[in-house]
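These are the structures in question, set out in turn.
In the two complexes that follow, subunit A is the common piece, with subunit B as its partner first and subunit C second.
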Partner chain A sequence: MSAHPVASTLRGFSQALARTLVSEDAAHSGGVLQGVDPRAKLVGMLALVVASALAHRVPTLIALLAVGVGLAVASRVNVWSLARRVWLVAFAFTFMIAAPAMFLTPGIALWQWGGVVMTANGVHTAVLLVLRVEAAVTLSTLLVLTTPWMWLLKALRTLGVPVEVIALLAMTHRYLVLLAETANQMFESRQSRVVGKLKGAEQRHMMINTGGVLLSKTMAMGDEVYMAMLARGFRGEVRLLTEFRMKTRDWVAVAALLAVAAGAVVAGR
Partner chain B sequence: MHIPDGYLSPSTCATMYVASAGFWWQALRRTRRQMLGRALPRLALMAAFCFVVMLFNLPLPGGTTGHALGVGIAAIVLGPWGGMMAVSLALAIQALFFGDGGITTLGANCFNMAIAGSITAWGLYQLIGMGSTANSKRRLVAAALAGYGSINLAALLAAIELGIQPMLFHDASGAPLYAPYPLHVAIPAMMAGHLTIAGVAEALMTAGLFGYLRRNEPGLVGLAKDATPRTPRSLWGGLALLMLLAPLGILAGGAAWGEWAPKDFADQAARAQIAAASGNVAAPTVAPIGLARLAGVWTAPLPEYAPRFVKSAGFGYLLSAIFGVGIILGVVWLVQLIAARKGEDAEKGAAKRIEPEHFETDPKQERGR
Partner chain C sequence: MHDTQHNPESKTPRMTEFEARGLHFAYEGVAALRGLSLTVREGERIALLGANGSGKSTLLRMMDGLLFANSGTLKFRGLELNEAALGDDKFALGFHRQVGMVFQNPDVQLFNPTVFDEVAFGPLQMGWSRDEVLERVHKALEWIGASHLKDRAPYRLSGGEKKRVALASVVVLEPDVLLLDEPTAALDPRSQSQVIELLGSWNDGRKTIITATHQLEVLGEICERAVVLEGGEVVADALPQEILNDTALLQRANLVHVHRHVHDGVPHRHSSPYLHHEHQ
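Up next, the complex of A and B:
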């Protein structure tokens, strides 16, 4: 009997997640972005993402995408992997949504076949949307790929995110893998005890039951984690160790990224 | 429903961040007190659970599959504030780490799914399940409708945010700069899938998980076995406040789109309003025959929320609100009464069926002793 689609999804998910979390290869390899203070990088890259959202011109968006590719190369991020995992997925998703706009948006006809008319306005809209999504996704992915998750969370404090929220994000992220693996094991153990093919209603029952047990385990784990926190001296205060120090090159980096973003905003109007 | 970067204009994103920030601040303020206790790991783990449950591809009646958001069950277990925190955390991790939903659109996504979703789910669950016993079917239905309502409202909000983009943001030639489809395309496109597939998945998942928790962990859903049903006072307070605010409705001038009376077609001012609200398409000078014929089929006892014997429009609105709420509560009370009787009958029947087996001694076991 073939594996249940959910079991295979979860297995794939937990493996990919575990691989990403454990390795964090790109985040630790000595590239340009990796050498920049996470706070400077966060502010600078977010400015570039906002600039790509503000840009209304195709050349500006191409330039921002080129900046993203340049930074990826300089930061030793595998561009082929970036293309496969990020650009292709974003393109497929966005193009599927943007493609009908080429025919539905009124404007000067570029191409006509029977009653179907492709307009210049429609093509411009579709290209703009696809490029904007590609640029924004590339830049935000670069930020995450070149920064260890915990540093990124600590850097979020510079944007005024409350310390409790950062602690919650860190804890959520840490237990995601564990819960995904638990769910995966539960599905596997159930699958191994199934002979034949389950009907739709039976599959549904199984899924919901697994979800219920997972929820019970989640809550029990929450209590266990709390006990562990108490055992380590938790008194209701969350503190983060902030060992970041801005050096000259970090100031230069944030200034450069902000300058590019400002230039893109002006040029993209 | 996770809107990626680039689909919403920066001003829409900023507005949605500001709108969400108010709720986040309030949620954090309310949960911060509990952070001293178990709330911190519980919220974090519930967020992780929501994330994982989004991967559950639920087989649906009819052969298709759909996945749930988990917002319904999160709101029922943690309450509206805890629910919105947990789902917001899950969405933030999805956006930051997995690129599912954008960073600039995170405010909008959280507003739609975490904030509006949690409030809707919790409100529907409380309103429909209000006053029912822990094991009643009504609570299960309340959980299902909480899931269904929350995901559909979230989808509708997302569709509205996407649909207003081409109206507000386009270049000189009229080409849309962000999401390209207007409301009349975005809303049906988004709602078709959510009213049928995603909504059903969320309803089944919420009701299923609620049923499981009710059976095995009643304390988690606020249903300790000895607990007597009670009506949340805040809900009654909210309902009373809404009724008092009902006269605000008269501030909105003109008729709602598509709710014109036959006489409006002959009235010059009303025709101008219809044209302005319909993309400058002029309405016919005479009411369509079918509309005129069917418009008089039923004459409401309180036409236009204004009882004939009341002079003040505001007071008429208030009276209509009290009357409407009274009817709804009466119908709910009747349904509850019928359901309670059926429940009692079923329990008696089940007790009769179980009783003989329960007390009979197994002859084989007896011999084995």
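Up next, the complex of A and C:
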């Protein structure tokens, strides 16, 4: 029996999430961003994310997205995988929020059906929102994919982020992995016990039930993860064997990223 | 001052490691421990026996300073383990350096991207020098026979490998007390033997090892003293063989069950696959 499309999608997503978060393959693949000091990369990429949030022009957002794609290619991040796992998901969620704006924003009518009017201003607003989210998510994802998670936490700590926030992020990372792994096992277990084809309503009911149980299970496991970290002396401070050292290359990188971000802020007004 | 007792074999005084008095603990109203009292001395190898829900894991977590009693006291070397004490960074670090715990589910314990990082996590938290961390991690990986796995992601390991890495990630700190929650559960026989052999090779006679288990077949190899828990209380505390011979106790504590079957035309009554069985 073939799996329900929702279950299949969630399973694929959970497997990809577990693989990406745990293996950190991209973080060790030796590309451009991987070679930059995590602190420089953090500052530079966050500046680009802020610039995306502040931009009010479509060409500026497209340019920022293009910068993201260029950095992905230079950092040996699979763009096709990025498109499927990041852009499509971000588009689906943002479009749901942005779509009503196309009809609710006053302006010149582009299309009309009965009392429903799609306006040019509405479409512009929706496109801006979708592009802004796509650019910000792409740049944030690149930062996370090209930096080992603990390095990123240490970089955040050196920039003054409180210990409590770092502990929370460390926990969240492991929690997401557990969530993905548990979800995957639950879907497989469910599938192995289902005979025949379920009706749509039954499938949705099953998915909702599974989601509830999944949340309870992973919360309990999340507690255990935290205990296991405490048991080995974790107090929220990130300690690594690797010492961060800023080299000329890192200063150049952060300066370039900040310059692009500043340019985008000015151009995007 | 530490409470001491003479060890008849070594003739040297043995320090009290843990002293639990009237421990009560409940999870959201469901009692896990009901007035449990127990004393553990230095160098003892103890098995905590009990069925699921008997309070073994809860007791281990309290001994590791991860849970705190609703009432009663638990002391480690004379110092009470409570939220105030474990909330102090210096005390907590020192305590976790001396008392290590291997969790039942290795997946919750393995949260680093590589096996090497996993084993190095504890030493790094202790603030040891880079050279010391590297030396200890290499030693620990060699000890579990996993040097070749150092760059692998822990989540991609087999069950037995995960368990051994979890063990190494704790033993690398060279704690005085090791708490093990079902160390051989869900392992194939070969992996079980490997874990038991590792534990045997690690103990130098002065290490205290407390193992929670319901697997009676490994009892003789992991302890010299067996404590049976039932409903959050200690119901027996004796030599392993004495516990194994007390079938009524084991049945009451849900550690064995009686089943009957027939082979070769003779009805058999088994109390457990590893205890005696009798023909009827």
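Here, the second predicted complex is superposed on the first by the 169 of 269 C-alpha atoms of A that agree within 3 Å, B and C clash if a C-alpha of one lies under 4 Å from a C-alpha of the other, contacts with A are read in each partner's own complex, and residues count from 1 in each chain.
By definition in this document, a residue touches a chain if its C-beta (ideal position, glycine included) is under 8 Å from a C-beta of that chain, and two chains touch if they have at least 3 such contacts.
Predicted, not measured: the structure shown is a model, and the values here were computed from it.
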| item | value |
| --- | --- |
| Contacts of A:Val79 with subunit B and subunit C, given as first, second, both or neither | neither |
| Which of subunit B and subunit C A:Pro148 touches, first, second, both or neither | second |
| First (subunit B), second (subunit C), both or neither touched by A:Glu164 | first |
| Touched partner set for A:Thr218, first subunit B, second subunit C, both or neither | first |
| Which partner, subunit B or subunit C, touches more subunit A residues | B |
| Which superposed partner A:Met229 touches (first subunit B, second subunit C, both, neither) | both |
| Those residues of subunit A which subunit B touches in one complex and subunit C touches in the other | 149, 173, 178, 221, 225, 229 |
| Subunit B contact footprint on subunit A (complex, rising order) | 5-6, 9-10, 13, 46, 49-50, 52-54, 56, 86, 89-90, 93-94, 98, 101, 104-107, 121-122, 124-126, 128-129, 132-133, 135-137, 140-141, 144, 149, 152, 162, 164-165, 167-169, 171-173, 175-176, 178-180, 183, 200-201, 203-205, 207-216, 218-219, 221-223, 225-226, 229, 236, 238 |
| Partner subunit C, residues of subunit A touching it in the complex | 18, 22-24, 148-150, 173-174, 177-178, 181, 221, 224-225, 227-235, 237, 239-241 |
| Contacting residues of subunit C [partner subunit A, same complex] | 61, 64-66, 89, 92-93, 96-97, 100-101, 103, 105, 107-109, 111-113, 117, 120-122, 124-127, 130, 133-134, 153-156, 169-170, 173 |
| Complex interface listing, subunit B residues touching subunit A | 4-10, 13, 28, 32, 35-38, 40-49, 51-53, 55-61, 63, 65, 73, 77, 85, 89-90, 92-93, 96-97, 99, 102-104, 171, 173-181, 185, 204-205, 208-209, 211-213, 216-217, 220 |
